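Each of the two complexes below includes subunit A, the first together with subunit B, the second together with subunit C.
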Partner chain A sequence: MAACSAAGIDIPRFCYHQRLSIAGNCRMCLVEVEKSPKPVASCAMPAGPGMNIKTDTPLVKKAREGVMEFLLINHPLDCPICDQGGECDLQDQSMHFGSDRGRFTEMKRSVQDKNLGPLVKTVMTRCIHCTRCVRFATEVAGVQDLGMTGRGNASEIGTYVEKAMASELSGNVIDLCPVGALTSKPYAFTARNWELKSTETVDVSDAMGQNIRVDARGLEVMRIVPVQNDAVNEEWISDKARFQYDGLKRQRLNVPLVKGSNVLEPATWEEALVAAKGAISKVKGNEMSFIAGKLADAESLIALKDLANRLGSGNLKVEAGAPLLDADVRSNYLANSTISGIDRADVILLIGTNPRVEAPVFNARIRKTFLDGAHVAMVGEEVDLTFPVENLGAGSDALAKILKGSPMLKRLKEAQRPAVIVGPGVLNRPDSAAVLQQVHELVEKADVVKDGWNGYNVLHDAAARVAALDIGFMPSARAASAPAPKLVYLLGSDDFDPADVPADAFVIYQGHHGDKGAARADIVLPGAAYTEKNATFVNFEGRTQRTKAAVPRVGDARNDWEIVRALSEILEKPLPYDTTDQIRSRLADVAPHFAEVDTVQSPMWLNGEYFKAFKDRAGKVSAQAQPFSSSVANFFQTDVISRTSINMAKATHARNAIPH
Partner chain B sequence: MVRTAPQALAQIGRLATPAAETLAGPVEAKVKDFYREVSRLLPWTMSNYNLDEITTLSELRKNVSLLFRQNDHVTDPKVVNILIYKGREELESVALQHKQRHHLIGQFVIAPSKMRAELHRKRDISPFLLKFFNNQL
Partner chain C sequence: MALVKFLKETYKRDSVLDALKAGGWKAFLDGTLAQATFVHGPNATLVGSDGFGNKYFERMTEQYGRHRWVVFGDLNWPSGQEPSSVPPEWHSWLHCIRDSSPATMDVAYPIYHVPHHANKTGTPQSYAPKGAWQNPSKRNWKKVHVWDPTSAAPSA
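Presenting the complex of A and B:
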């Protein structure tokens, strides 16, 4: 089949999928091979030299028509009420190979529907037993939940016992299913695919920058599906990226709010900005602090940084993460091997990270590398990564043990392409400087960085983090001596450290959801969510990607960087950019890779110079004993959008109900 | 109040003469006359179009005078005459009920309040900020 598609001939198929193993059970891809007595299934037949393949002979057509007739014997005629209708492989192919009349007079068989949890809807009668979902679950997602039971006419796909699918990637079986047996539960009966307007954009639910397509009808996001990008997410996306969109409809901030007597009251933009000016002009520059949230885009980060500097404040911060990383050397905070480069690694050491919840699609990629023969070990709390991992210990003492000389160190040293992945479990710790020094020492000792291969990787857990570091949205040198802030500007920050927002501080919140930040705020400026703006994000391998607006903003909300720009003019310190192009050229001035969209510029590796500088700067800190634990406690609810999403709440509930 | 309507109509019929004939004479007085004429019709307009639910008489008067003041930079008598003529046309269509309630609300309640908001804004506002406030970015 691969040979035929390389020659530009499309062969109909149901069970064959490029990224899954070959099953050869749908028989739709039959072709005629010269000197072969019978038609052969092209998906399972290796192409040989001198082979003559015929794909459009009467014999082939007859064979496919026969297969189609058998498939349709037990397939219900419910296309008008089927969610797959209009994008169904079986529907399309039956237009080519289906007969215009049936010869089948008996009853069609019916199969009981299975409950796969709150995300995937099943109508098992429609199933044609291609087993793509079973193969996906076992091979890619790494959960043994789905399987085939029974034989012949009685065979069924299902979970062996009644339970939800315990995978962060379960939604992908919806795309894989060639018929309407597995469809999206939240999307069920809400829209038809031909009435949707599609926009290809980027997901922000984790730091991976998964490529997605947002399908909208009018003002509403109806569903989100993956877009193929082999360098990032292949063609999978996590359940959070796929199903959190209903959070975009709830608890939105749609009008500026100013605190009157104890409660926030609706105001016009002018009133809100003038009120913000009143508060800002009362405090000194150094008494202001600016905290960016997990979903902040690069444009608003640079605008806010420029504004803060003009106001004389260097107290910039990104919430919950990596307080001790600095922006001097880019290779120090990126996944230098790149996401697709991980495929080539032969030994992988995970330190303080649980990629299964921090970036599930990346975890599937590591799993693929493992299946290709790589050895994967981890330092951190014991977690199930869906594949066997050698656990070397939980905390920094385990790292010390590796450093002293252990089989793992030897293994890393001997490896051709060793990879060390440091995660938020290390970066978020108060003693991260000490642990990072250990990691750096390990990287040096084990020759993780060599000619043509950089195996030092940092895995982040928030979409805004890398862009913030690239821009230098971080405390300035003077910030350490700053007094307690009297005014805090939250750029979509809801998971801020309460210590950063003193009780008597005046709080300005800019963001798109009413959550902890807006509840604490004195002034609320409504911004746009990621489906509503054209914005730049950088994923954890340093790839610059842009979201595209799929739906209009809600109510009187504005684009985030434009809010900062407008505020700067009210404050009589206007920022020198008026259009998106201008602010992007400002971004490119600060960091050139912002101009190179969809590419990774491999950062410079200064031969360990940076590690020495880090050691000098951090000084002597001692590592504490507690184990490295992931920053993501509940995969389904990590940011404001997923917290307001009912789908994600249901998924959390279903996951907690599964006995471990 | 309603009784004033036929009287007003009679007045309008008398005064709505072609612009060319009224060219002579000082325009300031004519503007004042016309403004008074409009003001006299306002109470009737309020009750006849049920505008009490939307606004008050003094508010409406303020709005009308704002609309007059929108043209206070005009000095050319010819242009002033034309403006009075056009204004009288408007007045006539209000008095004869050729306009409907939503026309009045849009023209004499909502539009002036928007104008007032613009006036309150700083004069040297940048094009960016103007677009930002009007959600046109």
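Presenting the complex of A and C:
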């Protein structure tokens, strides 16, 4: 089959999928091979030299028509009420190979629907037993939940006992299913695929920057599906990226709000910005603090940083995480192996990370590498990563043990392409400098960085983090001695540390959802969510990617960097850019890779030299004994969008109901 | 006298005058009621009544098909005398679907049984589709739900 598609010939198929193992059970891909007495299934037949394959002979056509007739015998005639209608492989192929009349007079088989949880809807009577979902669950997602029971006419796909799929990637079976047996539960009966407007964009639910397609009808996001990008997410996306879209319709901020007598009241933009000016002009310098949220885009970050610096404040930070990471050396905070490079690693050491919840699609890639024979070990809390992992201990003492010389150190040294992945579980700790010092010693000792291979990786948990570090959105040297802030500007920050926002501080919140930040705020400026703006994000391997606006903004909301630009005008410190192109060239001035969209610029490896200087600072803190734990407690609810999403709440509920 | 007895039974009053005062006078306005009361009312057997105050009579000497009838509890005109207020078990007796009356036999209700009520058309309780303006719980057709600052808990 691969040979045929290389020759430009499309072979009909149901069970074959290039990222899954070959099952050969749908028989749709029958072709005629010379000297073969029978038609052969092309998906399972290796192409050989001198082989003559015929794909359009009457024999092939007849064979496929026969297969199609058998498939349609037990397939219900419910296309008009089927969510797959219009994008169904069986529908399309029956147009080519289906008979114009049936000669089947008996009763059709019916199968009881299975309950796979709140995200995947099943109509099992429609199933044609291609087993793509079973193979996906066992091979990619790594959960043994789905399987085939029964034989012959009585065979059924299902969970052996009734339970929800315990996978963060379960939504992908919806795309894999060639018919309407597995469809999206939240999307059920809401739209037809031909009335949707598709926009290819980037997801921000984790730091991986999964490529997605946002399908919208009018003002509404109707569904989100993956876009193939072999360098990032292949063709999978996590359930959070796929199903959190209903959060975009709830608790939105649509007009500027200014606190009147104890309560936020709607205002015009002019009133809100003038009120912000009144508050900002009362404080000066580092008394102002600027906190960016997890979903902030690069444009608004650079605009806010430029504005803060013009106001004399260097008190900038990104919420919840990596407070001590500094931006001097780019290779220090990126996944230097790149996401696709992890495929080639042969020994992987995970330190303080649980990729299954921090970036599930990346975890599937590590799993793939594991299946290819890589050895995976981890230091941190014992977690189920869907594949066996050697646990070397929980905290920094385990790291020290490895450093002293252990089988793991030897293994890393001997490996061709060893990879060390440091997760937010390390970066968030107050003693992260000391732990990172240990990690770097390990990297040096084990030769993780060599010619043509950089195995030092940092995994982040928030979409804004890498861009913020690239831009330098972080406390300046003098900010360390800054007084308690009297004015806090929250750029979509809802998970801020309460210590950063004192009770008497004046709070300006700019963002798209009403949550903790807006509830605390004195002025609320409505911004745009990631499906509503053309913005730049950088994923944890340093890949610059741009989102595209799929739906219009809500009410009076504005683009985030334009709000900051307008505020600077009111404050009489105008920022020197008026258009998106101008602010992007400003971004490229700060960090050249912002101009190179969809590519990774491998940073120079300076950590060796850099960490000699780093040692002094690391010496001041000592590593503490608590185990490294992931920063993500609940995969389904990490940011303001997923917290407002009903789908994610249901998924959390269903996951908690699964006995462990 | 049969008529007096009947009126007394039907309206639970001691004299004809009281019975007429209590609603029997409506028979002069309403032919159906007059027929039930004066023509085949006397000597009829009161078989039973239901929770709505409807009384069910039988007189086997009547012409077949007119031998069972109901006198509605609510005799107001025009809103009263609601035929749909007859519960299904009495309906089946009235129409000779079954011989024995619900008063003398146990009715086995299915598990999905809900208490009977009369047709609500024309009343405030009448059914309105999800989009109708009469519907008190109107469906919100807005695509986006906007945050209400007053709903948020006051911050610390």
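One rule holds in what follows: the second predicted complex is superposed on the first by the 656 of 660 C-alpha atoms of A that agree within 3 Å, B and C clash if a C-alpha of one lies under 4 Å from a C-alpha of the other, contacts with A are read in each partner's own complex, and residues count from 1 in each chain.
Rule of thumb we're sticking to: contacts are C-beta pairs under 8 Å (C-beta built on N, C-alpha and C of every residue); 3 or more make two chains touch, one makes a residue touch a chain.
The shown structure was predicted, so the numbers you read here are calculated from the model rather than taken from an experiment.
Q: Subunit A superposed: clash or fit between subunit B and subunit C?
A: fit
Q: Once chain A of both complexes is superposed, is A:Val347 in touch with subunit B (first), subunit C (second), both, or neither?
A: A:Val347 sits against neither subunit B nor subunit C.
Q: Taking the superposition as given, does A:Glu220 touch the first partner, subunit B, the second, subunit C, both, or neither?
A: After superposition on chain A, A:Glu220 lies in contact with subunit C alone.
Q: Just to be sure I read the superposition right, which of the two partners does A:Val357 touch: subunit B = first, subunit C = second, or both, or neither?
A: In the superposed model, A:Val357 contacts neither subunit B nor subunit C.
Q: Could you tell me if A:Asp578 is touching subunit B, subunit C, both of them or neither one (first, second, both, neither)?
A: It touches subunit B, and subunit C stays clear.
Q: Name the contact category of A:Ala164: first (subunit B only), second (subunit C only), both, or neither.
A: neither
Q: Let me test your reading of the model: by the given contact rule, A:Trp269 touches which partner, first (subunit B), second (subunit C), both or neither?
A: Only subunit B is touched by A:Trp269; subunit C is not.
Q: May I ask you to name which of subunit B and subunit C touches more residues of subunit A?
A: Counted on subunit A, the partner with more touching residues turns out to be C.
Q: Given the touch rule stated above, what does A:Glu569 touch, subunit B (first), subunit C (second), both, or neither?
A: A:Glu569 contacts subunit B only, not subunit C.
Q: Based on the superposed arrangement, let me know which partner A:Arg520 touches: subunit B (first), subunit C (second), both, or neither?
A: After superposition on chain A, A:Arg520 lies in contact with subunit C alone.
Q: Just how close are subunit B and subunit C at their nearest CA atoms in the overlay, in Å?
A: 19
Q: Which residues of subunit A touch subunit B in the complex?
A: Checking each residue of subunit A against subunit B gives 268-270, 556, 558-559, 562, 565-566, 569-570, 574, 578.
Q: For the complex, give me every residue of subunit A touching subunit C.
A: 218-220, 249-254, 257, 262-265, 498, 503, 513-514, 516, 518-520, 524, 554-555
Q: Over in the complex, which subunit C residues touch subunit A? Could you list them?
A: It is residues 143-150, 152-156 of subunit C that touch subunit A.
Q: If we count contacts the way the header does, which residues on subunit B are in touch with subunit A in the complex?
A: Interface residues on subunit B, with respect to subunit A: 117, 121, 125-129, 132-133, 135, 137.
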